[in-house]
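Shared between the two complexes below is chain A, which has chain B as its partner in the first and chain C in the second.
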Partner chain A sequence: MTDGTSSQFRIGAKFAPSRAQLRGALGILVVFVAWQISVWVIDLPAYFYPSPADVASAFVELTRKGILPSYIADSAWRYVAGVATGLSLGVVFGLLIGLSRFWSRLLGPIINFFYAIVEVAWIPLLVIWIGYGFNTILIAISYVVFFPVLYNTLTGVQTVQKVLINAVRTLGASRRQVLTSVILPSALPNIITGFRVGAGFAFRGLIFAEMIAAGSGLGFLIFEGATTRQTDRVVVGMIMMGLLWLALDRLFLRPVEVATIERWGLVRAKGEGM
Partner chain B sequence: MTDQSVASRPAFPLSPAVMTGLLPFVVVLTAWALAPALSDIPAYKLPSPAKVWSTFTSMTLDGSLLSEIWHSLQRLATGYILGNLIAIPLGLAIALNRAVAETLTPVLSFFQSIAGIAWVPLAIIWFGVGQGSVLFVIANTIFFASIYSTVIGVQSIPQVLYRAALCHGASRWDIVTSVVIPGALVQILVGLRTSMAYGWRALVAAEMIAGTNGIGYMTLEAVQWYQTEIVILGMILIGILWLALDFLIFRPIERVTVKRWGLLS
Partner chain C sequence: MKLSDFSEWFVPLAGVATIATFLLGSLAVGRINETRHLSGLDLDATQDFAVRLAFEPERFHIEAFQDVGRYQGWREDHAVIMAVDKGALRRLARNYWIGSIGPLEETQ
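Moving on to the complex of A and B:
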């Protein structure tokens, strides 16, 4: 499991950038230069089109006042709690539906139906029922993560090689042992893939939920910045959002996924269409 | 961010089990219908199914519901076509040149990770509340989801195929039409599907925050007036519309590609 992560760090430690990385850095630089030049050329008020310098100073100000760190901490806590809840429920229901034809028949159609109601659509109702704040966001995020994890767990469970189960059973394994030593390990790569897909949707879901139902967090920063015409803050929020997602995806989710696949076998993602 | 993996939905076994499958729907509907009688949940929090149904029929009869749906679908279609029409050719063009592709990949993945809902506030500043903002956000979301997928698709074509085609005397144009496009097609289709899923969420979310009509606007606007029946109606319609889009557009595409090119993976 730690293989992927440590190799990532090794790359960082050596830091001999490849040509592709240099070109990539150049691309980012070009975007910044083009942005700055377009600010000079277009010459619009800063609230309409802030320059990189405006955004940098807004970043410094937000950091110095402690707003940005505390917002990021709020967002991170909501995100982690929501993703963890969704992940656990998704795995449990995935196993249940994958292992029992009865539960599959019973819950399959209604899960497919609720899957189509995106979390975005739940937020208004949750606001009426629960009000603004942590619980609404927690439910919305768990909801997004639940479905991809469930569908991928299901695929994982259904593609377990029967011969493995038979082998373990002839050796006298109990049902519980079959679950923990055959089914869960062979479904793990799928579960992790579902987790990564769900985590991606959940990140956007978090931003949206915070725009509508929170008084802090990155989504709130982006939204509030626009209503108070502090557009430089909006852009700070957007850039932070992009950077955080990339960091999460490249430094955690992908290494974990790669390591799991290397350790436990091949995988195909399911349920990503939504 | 969810690029290389496949977008297909596992189907639950249906045929002999339809009745069992309907049971939870019945239970949910019954619980919903009985809830006001059995508990003291106020009607503004949970309107009865009958109330939602009568709202549905009256809004259908006066045409307002159809017009909201029409506005949303029209917007989605415009954003989808616009975004993909720019993204796919541009993606192919970018990916054809290795230096350009390597330069732009990090930028594209960065924009893909902020694409979507986070643009709504900025869009409001730039275009004001209404059609322009919503369309900008949808097209933006779809563009970045799709172009990233296309670029990755071209980059995943093995070099050996280019060399083989060149050895047989292929021109640049031949390479584009017989190596690049078929080779990247599966990823392009994944992009078409994934971008629709992102675009659909972006549509609903953008309408809620920046819209002046459409299904998302209708759903969040009703919260202000505690018209929970409209909120629930909106949710159900959002679900049904997505199922319809999926069933009518993406299932057929998937079936054709699976038949023609094997598994989508």
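Moving on to the complex of A and C:
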């Protein structure tokens, strides 16, 4: 009974907002109040500088008309598909280049060359080749995720301690066993770091790609809002982007980081002193 | 290994469960809307339909209408769509922003 009560309290304590979270919420509230006051003071047309009330009204209207939920779903699906594709390709190519001198010499310069070409430069060409829509955006996002994952996987593979590989080899391990039992687990922290970095870049890439090559999604909402002078919709799109990123970071990326690389002691947890 | 070793995974799993619940809920609501909007309609009897909305359609809605059939324009409170594809009309009927769907003759 006592145990149950105490664990109940522990669970309650885990989900109660911390002081830092309350401060964060207060900060957001202060920004909104300051924004509303500035609208009253500056007194500019709503299309030029919309108030929080205008933005809230645009949010309600976009939701009532079914536009916002549909655009969020489109953006989320493109993001997930793009990140998954970029992650898979990055890991495969990272392993290939890291494990084989032949592939490293063959692909190294080409990959270095393409690393310098940002995805933004590719989008107009992709639009001509593939057209507007999902495939172009998928390629653009995968491209953004690919390089951080590839380079981190490569670093992970190249920094595996030779002594570990030799140890399992002396025990009779095959090449495949060396890969699955030593190289991949050793490279995993780096792969996760690459994924974390790539996931952040991909979000920016998604919005930009949607601005150019899509007829739906949050990027398109912002772009269309700007071209039709519906700045309240632009701000709704921006706020939704921020909220989605916060949710993605807090619900998935940060916990994965805590459960893996922080737990393994590869990065210092928040609050740990120098 | 104890269960507490996996406590870090609680938040991501709860996130996945929330998203899955939301998606399943959306599918269920979509089916309910489809039944509600198409009940009493004989989809084989006519190919021309009027789709009522509580607001003027925007580009997003017009594109949705164009996916269903030949969109003929907006008349007062309804969109005229001719030669509709039945499957596409069912998909359109799942949307919560649709007011009602009826045969074109009744609304003229």
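In the analysis below, the second predicted complex is superposed on the first by the 246 of 274 C-alpha atoms of A that agree within 3 Å, B and C clash if a C-alpha of one lies under 4 Å from a C-alpha of the other, contacts with A are read in each partner's own complex, and residues count from 1 in each chain.
Here, contacts are C-beta pairs under 8 Å (C-beta built on N, C-alpha and C of every residue); 3 or more make two chains touch, one makes a residue touch a chain.
The model shown is predicted, which means the values in this text are computed figures rather than measured ones.
Asks: Based on the superposed arrangement around chain A, label chain B with chain C as either clash or fit.
Replies: Fit - chain B and chain C, as placed by superposing on chain A, sit side by side.
Asks: Which partner does A:Trp129 contact after superposing on A: first (chain B), second (chain C), both, neither?
Replies: It touches chain B, and chain C stays clear.
Asks: Between chain B and chain C, which one contacts more residues of chain A in the superposed model?
Replies: Partner with more touched residues of chain A: B.
Asks: After lining up the shared chain so the two structures overlap, which partner does A:Ser70 touch, if you call chain B first and chain C second: first, second, both or neither?
Replies: A:Ser70: touches chain C, not chain B.
Asks: Please work out whether A:Ser100 is in contact with chain B alone, chain C alone, both, or neither, and reply first, second, both or neither.
Replies: After superposition on chain A, A:Ser100 lies in contact with neither partner.
Asks: After superposition on the shared chain, which partner residues are touched by A:Leu251: those of chain B (first), chain C (second), both, or neither?
Replies: second
Asks: If we overlay the two complexes on their shared chain A, which of chain B and chain C does A:Ala259 touch? Say first, second, both or neither.
Replies: The second partner, chain C, only.
Asks: Mind working out whether A:Phe113 is in touch with chain B, chain C, both or neither, as first, second, both or neither?
Replies: It touches chain B, and chain C stays clear.
Asks: For A:Ser216, is the partner it touches chain B (first), chain C (second), both, or none of the two (neither)?
Replies: A:Ser216 contacts chain C only, not chain B.
Asks: Using the superposition on chain A described above, determine whether A:Ala20 touches chain B (first), chain C (second), both, or neither.
Replies: first
Asks: After the superposition on A, what does A:Asn166 contact: first (chain B), second (chain C), both or neither?
Replies: The answer is neither, since A:Asn166 touches no partner chain.
Asks: After the superposition, pull out the minimum Cα separation from chain B to chain C in whole angstrom, please.
Replies: So the smallest C-alpha to C-alpha spacing between these two chains is 18 Å.
Asks: Let me check the overlay on chain A: which residues of chain A are in contact with chain B and also with chain C?
Replies: none
Asks: Please name which positions on chain A make contact with chain B in the complex.
Replies: Those in contact with chain B are residues 19-20, 23-28, 30-31, 47-48, 97, 101-102, 104-110, 112-114, 116-118, 120-125, 127-129, 151, 154-155, 158, 193, 196-197, 200-201, 203-204, 207-208, 211-212, 219, 222-223, 225-227, 229, 231, 234-235, 237-239, 241-243, 245-246, 249, 268-274.
Asks: Tell me, which parts of chain B touch chain A in their complex?
Replies: 1-2, 5-10, 12-14, 17-18, 20-25, 28, 44-45, 99, 102-107, 109-111, 113-114, 116-122, 124-126, 193-194, 196-198, 200-201, 204-205, 208-209, 216, 219-220, 222-223, 226, 228, 231-232, 234-236, 238-240, 242-243, 246, 250, 263, 265
Asks: Which part of chain C faces chain A closely enough to touch in the complex?
Replies: Listed in rising order, the residues of chain C that touch chain A are 8-9, 11-12, 14-15, 54-55, 58-61, 63, 95-97.
Asks: Once bound in the complex, which stretches of chain A touch chain C?
Replies: These residues of chain A touch chain C: 64-67, 70, 215-216, 224, 247, 250-252, 255-256, 258-259, 263.
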